[in-house]
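As written, the chains take the letters A, B, C, D, E and F, and residue 1 is the first residue of each chain.
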Amino acid sequence: MATVALLSDEAAPAESRAVFEAIRTARQTDYVNNFWRALAHDPALLRVTWERASEVMAPGALDPLVKELVYLAVSTANGCAYCVHSHTAAARAKGMTPEQHGELLAVIAMASQTNALATALGVPVDERFQEGP
Amino acid sequence: MATVALLSDEAAPAESRAVFEAIRTARQTDYVNNFWRALAHDPALLRVTWERASEVMAPGALDPLVKELVYLAVSTANGCAYCVHSHTAAARAKGMTPEQHGELLAVIAMASQTNALATALGVPVDERFQEGP
Amino acid sequence: MATVALLSDEAAPAESRAVFEAIRTARQTDYVNNFWRALAHDPALLRVTWERASEVMAPGALDPLVKELVYLAVSTANGCAYCVHSHTAAARAKGMTPEQHGELLAVIAMASQTNALATALGVPVDERFQEGP
Amino acid sequence: MATVALLSDEAAPAESRAVFEAIRTARQTDYVNNFWRALAHDPALLRVTWERASEVMAPGALDPLVKELVYLAVSTANGCAYCVHSHTAAARAKGMTPEQHGELLAVIAMASQTNALATALGVPVDERFQEGP
Amino acid sequence: MATVALLSDEAAPAESRAVFEAIRTARQTDYVNNFWRALAHDPALLRVTWERASEVMAPGALDPLVKELVYLAVSTANGCAYCVHSHTAAARAKGMTPEQHGELLAVIAMASQTNALATALGVPVDERFQEGP
Amino acid sequence: MATVALLSDEAAPAESRAVFEAIRTARQTDYVNNFWRALAHDPALLRVTWERASEVMAPGALDPLVKELVYLAVSTANGCAYCVHSHTAAARAKGMTPEQHGELLAVIAMASQTNALATALGVPVDERFQEGP
């Protein structure tokens, strides 16, 4: 169903297989999901994407669950069905409760509607919301 | 600059002025920002939007700052300049630090690029990311 | 295939079942479509969404078919496959003819292309299209 | 502010000036708005865009005001500030009342939020909303 | 699965069948893909879309493969799964190599993330990037 | 006008100033545009964004001008005004002619409208456009 074949371990180039192993180690599971198998045609793009994602999603000033919720919110607004499914699963794996999921959905819905209203009204940005040079 | 005039307190219908007062009380400030002044032409739409936003953004299973970060992420993905400015200000008012802002931007950027990659590759959703009926 | 299970009447919480009944009564059909069954995990979100939709889509200054056409146009621009399907069905149920459907598609296509052109050209808004403060 | 200069009548190529005249005649006004002045660098693209827009927006199975409302809704969802301003003005010129504008905004806001919810929930399309081959 | 039936040659109106023949002749294949079969309910819209696409995608100042890459990039950013699949196939038919596909994906991903960053930061356009009137 | 101050060389952290110097050297100009000055609050994000962009946009299987055209097309579809302006300037600096600009706009407009049509019609992907596992 993809625009490229999803590469099995056998079919993937060696450098991509090495990234599959890094994914397995980091996640402590044998399962490598379809996104990485589709990216595996281009080992350099696969590697840079995986490594950057690992850095960005690591604990920092924001905790990993909050980062997942933000990721899921962006994926929803961008209409990426694959990403919505994979990051809903990831958020659950990081502890998202059904109550948190419900509130996340409510915030996404609220933002979506006020985004549309502000755009339809062409509301100019208040001076106090702008930073000086 | 808007598609409708921004209504001053004097120009707004009485029912809209009442919502302005509710906004002032809830936020403990005299300032009513442009979004509400543009919506004030339609008092019913103004009221339902303000009241729903208040409910959705109240503390719950997710804390108010997390909700603001999600709101800001959605507004960015939807390309709403007004909302990006107003919710960056709101997030700061709720305690967002520069480090948190930087990490938020990094997550939004990461999600945006993998959303595009998953879409361009047409990656089918893994069975394990799908819930049964 | 969803990110949550679609809840049958039996599996849904009682408060969500009550909304299912309201949907059945309003629409005079036994069928409750998947959107509401997915939302049913969060009875409060289900209720507020159903009730607000009912108000917004009721006859007013715009007739219900016009509202459906607008809903379908927004759903298309937002790339929501589910919504495109359900609101095409709803528009037909409210009397949309094949000729009207064809013209709707032509307007959506026209708007989509001039939206892209205006954005690519960075066209500044004419003064006469802006409302004073 | 644009990515290309807005061409005055004097600066525009002759073939583009001819389209400006067609616009003036059709609209019975001397004013040619910025969108057409930006497109005028490419007379062929200017002509095909103007002529197709004229056909699409002409009265048919849908009346011209309904077409404008749809155009405005799509422009909002696509986040085109220029188009939102110009088509709000056009809708008013075709008779849109403040009440209709308010209802239009409410429908756009409703669609935007249920689009986001359906996407976030990954709701599968009901069989009854799908047409056979 | 569509919102309209996909019309076979037999079911399509005569004027739409004539466009099918034009497609077959231009592409030197008997196969008419689903997009055109869905559009065939409205022969006028089918014809204008096919004819305009043929003009736009013909060799000119940009070569046909570059045009396909741009088409694919836009389709990805707009989240159109159908278009992503059909234009990936078209790009391959016009000679896109796996290396070019990989680089295209990398550029799309890069643009997507800096688009999000520029929007989230509300960066004002530098004077030197703006054309005078 | 931004959501953060644009940092001058003096105000930027030392690590960000070092990236400014890298930008100046690579581009052989003293000018550092606003995007990088806004990102400079977070030196790590600034550096990774600049370095990745440099890699991605370097000559490869696609030439740099083609990459710019793709970047500009994605930025248009994503509605990023800043990016549209900066990458139109960059494309011109890499040799884009007015004829190429016109054709690029025509392809973007064409893709935008068929994207909308395919989505509105819910066209299922043809089997021949799908890659096996």
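Heads up, the rule we're going with is that a residue touches a chain if its C-beta (ideal position, glycine included) is under 8 Å from a C-beta of that chain, and two chains touch if they have at least 3 such contacts.
Not measured: the values here are computed from a predicted model.
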Same-interface partner of A-F, chosen from the options B-C, B-D or C-F, over half of the pairs matching: B-C
Contact-richer chain pair (by C-beta pairs counted) among A-D and A-C: A-D
Far-end chain from subunit A, centres as C-alpha averages: D
Whole-Å gap between the CA centroids of subunit A and subunit E: 26
Geometric centre distance via CA averages, subunit F-subunit E, whole Å: 20
Two or more partner chains touched - positions in subunit A: 1-4, 6, 49, 52, 74, 76-81, 84-85, 88-89, 102, 105-106, 108-110, 112-117, 119-122, 125, 129-130
Touch-based graph of the chains, sorted into line, ring, star, complete or other: complete
Complex contacts: residues of subunit C adjacent to subunit B: 1-6, 8, 48, 52, 125, 129-133
Residues of subunit E defined as touching subunit F within the complex: 1-4, 6, 31, 33-35, 38-39, 49, 52-53, 56-57, 60-62, 66-67, 69-71, 73-78, 80-83, 85-89, 97, 99-100, 102-104, 106-126, 128-130
Residue ranges of subunit B touching subunit F (in the complex, touch as defined): 79, 84-85, 88-89, 98, 101-102, 105-106, 109, 116, 122
Subunit D-touching residues of subunit B, taken from the complex the two chains share: 3-4, 41-42, 44-45, 49, 74, 78-80, 125, 130
Subunit C contact footprint on subunit F (complex, rising order): 72, 76-77, 79, 81, 84-85, 88, 104-105, 108-110, 112-117, 119-122
